[in-house]
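Paired with chain B in one complex and with chain C in the other, chain A is shared by the two complexes that follow.
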Partner chain A sequence: MKNLFVTTFAVFAAMTCLGQKFYTKNAQINFDATSSSSPERIEAINRTATCVVDTKNGNIQFAVLMKGFAFERALMEEHFNENYMESDKFPKAEFKGEIKDNDDINYSKDGIYPVKVKGKLTMHGESDDVDAEAKIIILNGKISAAADFTVKLSDYKISIPGLVADKISKTARITVTCSLEPLKN
Partner chain B sequence: MKNLLFRFTLGIVVLLFNMSLFAQDPDLLKLLGDDNEKKEIIRNAFKSPRVINSHSMEFLRPGTMDFRILHRFGQLNQGYKNFFGLDQASMRMGFDFGILQNLMVGLGRSTYKKELDAFIKYAPIRQSKGPWSSPVTFALVSGITMDGTSWSDPSRKNFFTSRLAYYFEAIIGRKFSEAFSLQVSPTMVHKNLVPFETDPNNIYAVGVGGRLKLSKRIAITWDYSHVIIGMPDSGYYNPLSVGFDIETGGHVFQLHFSNSTGMNERAFITETTSNWMKGEVRFGFNLSRVFQIKKKKLNN
Partner chain C sequence: MKRKKIILYVVLSLLLVLAAAAIYIYIEYNRTHEDTARLKADYSLAATDLIKEFETNEQASNKKYWDKVIRVEGTVKEVAKDDKGFYSLALGDTSSLSAVRCSIDSVHSNEAAAVKKGNFIAIKGICSGFNADEMLGSDVILVRSMVDTKK
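Moving on to the complex of A and B:
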């Protein structure tokens, strides 16, 4: 009887403790849809993305507010939100995936671990699979991550009108960088 | 027996607990809790800072300049001889500058009366959502116009100030939905000099402007001003304009039909001499091109 109680408690405790989770609310996401014939660079930065990583199972998730993307040109920013991303209708983009080679990472040892991240990116109300090459960097016990991938805008039903079709790239290059803090439950 | 029951209950509890842990989709983002909702300004009630003739509740972004070329042609009912009015054109060239999110200034010159005009527009309250939000935008416009024609009677003593007129306008507007925006704008125009002693110097009007979006880049717009006090007895009409906004990348084209030729508040509110009812309608367009003068620093 007592044994059972202790076991149960141990199971509870183990479950809450094992989940080593890290997060940030200041991940940086760069967006670049410049094509070779663009008259000006179509790029934006968002420094307020949220990221949570569960180092136990390699689950990784991002969320970002579309209106947080800052462009050099105000009109471009307006068009990004108003005409392409429809940010009032679809305010957030989310990525939910996992680090494929999570078991190869020793989170307690300094080093740079090249990994593959696979998951689903949802933006503009559409979801599509994404594979990204990423790096997990452990330095003095601190975890940071960087990833780089391209998305096809048509996969997310982001339409580019014929008039400007040659001025905007059909794919957007997304670069992600973040440094993570331990998450206390 | 009691012991057995206890074990059984405990077993169930453990089972349920485990299930609840494993069954859920691992939504890590929820662990961070919901972000505090921030106040957010509602933008793009109109495609441009003008509905058609009137100022809209919208503002230029800081660091941008809007170069505006406006044309108003002759009356359509002149027929083919004057190519439905296109043979005659009146124009205004204008430069508007966005200074702050809620402050802009502009100046322009019209061919009609060789008039120069300048304005300042400020919104103490902007429509927003989130905590402490306002359901409407409240903006104020103050402008001045200067007649550039020669004195009608050079023999008498003429003052420079006689060339000037002023207008003061409040805009109360709301973007009701992505597609529909509406604004009301009480306006007062003061003319320093009027042609006849019986003409009032102060004219009070209320404007109503709106937009209905047809697609992401095309919208129907309308713009009407009703003069309440100070309308001369005959020969003058309230200006009504109806048109389309078409956005093509960096340009906004506003194509419309109107009974007014004036392109500043003094001219279109107090000097519209055509009558829709008699078919005295004109074609006109506004071309707006926004330039970024000061780029936002991104610091990669």
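Moving on to the complex of A and C:
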């Protein structure tokens, strides 16, 4: 009898867990546009990105405020916001997409699941398709995710003046890491 | 003789100007962010009022507060520390999902470590905008923040 109760409970727990949304408001996004010939690093980190994952259908969303990208050098950060991203006009970047192999992930079993994420990234007022290699990590029932992809800055109408063209890469490498919490409704 | 002197002066002053420019560029290039603790707040208000203002008119509030130093007071809803030791504090009404989310500058981690959920505190930071989300609650984000203990 006791066993039955435990199993029923476990099944219910697993069921509620499966159809749930997971989120974080402290996702980290790293932006790296260092060109291979540049002696200095052009990179920034943002720790206040929002991320929501629906484990049922694999939908995934990110939202991040451009002004939250922190560079080591103040001048670089000002140029990033004022000249390149025009953050006052386009304060936000968004990604909406889906985990392609969501059905292969067993969210209730610990493991590292390599997946592909496909979707649309909007920044600087422009949208473009993005394909990313990602990892969904389940450890002790907690979900975290990591992804890595490059974007061509010209696809988002971000132009780099000739004077600094040798320092700033034409593509930016974006790395995302986040650990997710279940969303309680 | 006189001519030589003039040339010498001209060359010398040119060199001075060049040196000044080089020093300026060097300092400007290596400039780091000013510590938020030393910045004077442009606006000082309750966290809940700031959220309300953004919720009623995001565009106007963005114009008003974006890139400005803001000091907010409120109840701590959440203290989060990431795997690299960076703190993020959320202030606001516990009955609502919305909050003012402040990512704490690493030089001020110590003060943030002492903060507990439910404390009433003031935080000073630079406003990076508003993240509206119906499902998760909307957030006003402050970056390079620090817990402000001064009255």
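In the analysis below, the second predicted complex is superposed on the first by the 165 of 185 C-alpha atoms of A that agree within 3 Å, B and C clash if a C-alpha of one lies under 4 Å from a C-alpha of the other, contacts with A are read in each partner's own complex, and residues count from 1 in each chain.
Criterion: a residue touches a chain if its C-beta (ideal position, glycine included) is under 8 Å from a C-beta of that chain, and two chains touch if they have at least 3 such contacts.
Everything quoted here is computed from the prediction, not taken from an experiment.
On the superposed chain A, the positions of chain B and chain C overlap enough to count as a clash. In the superposition on chain A, A:83 contacts chain B only, with no contact to chain C.
When the two complexes are overlaid on their common chain A, residue A:161 makes contact with chain B while staying clear of chain C. By the touch criterion defined above, A:50 reaches both chain B and chain C.
In the superposition on chain A, the chain among chain B and chain C reaching more residues of chain A is B.
By the document's definition of touching, both partners, chain B and chain C, reach A:72. In the superposition on chain A, A:26 contacts chain C only, with no contact to chain B.
Once the two complexes are overlaid on chain A, the chain A residues touched by chain B in the first and by chain C in the second are 21, 23, 25, 50, 52, 63, 67, 70, 72-75, 77, 88, 183. Residue ranges on chain B touching chain A, taken from their complex, read 3, 6-7, 10, 13-14, 17-18, 21, 26-29, 31-32, 40, 43-44, 61-64, 98, 178, 216-217, 247-250, 290, 292, 295-298, 300. Of all residues in chain A, those touching chain C in their complex are 21, 23, 25-26, 28, 47-48, 50, 52, 63, 65-68, 70, 72-75, 77, 81, 88, 91-92, 179, 183. By the touch criterion stated above, chain A contacts chain B in their complex at residues 1, 4-5, 8, 11-12, 15, 21, 23, 25, 30, 43-45, 50, 52-54, 57, 59-61, 63, 67, 70-75, 77-79, 82-83, 88-89, 94, 96, 161, 163-164, 167, 183, 185.
The residues of chain C lying in touch with chain A in their complex are 28-34, 62, 66-67, 80, 82-83, 86, 88, 90, 101, 103, 126-131, 133, 135-136, 139, 141, 143-144.
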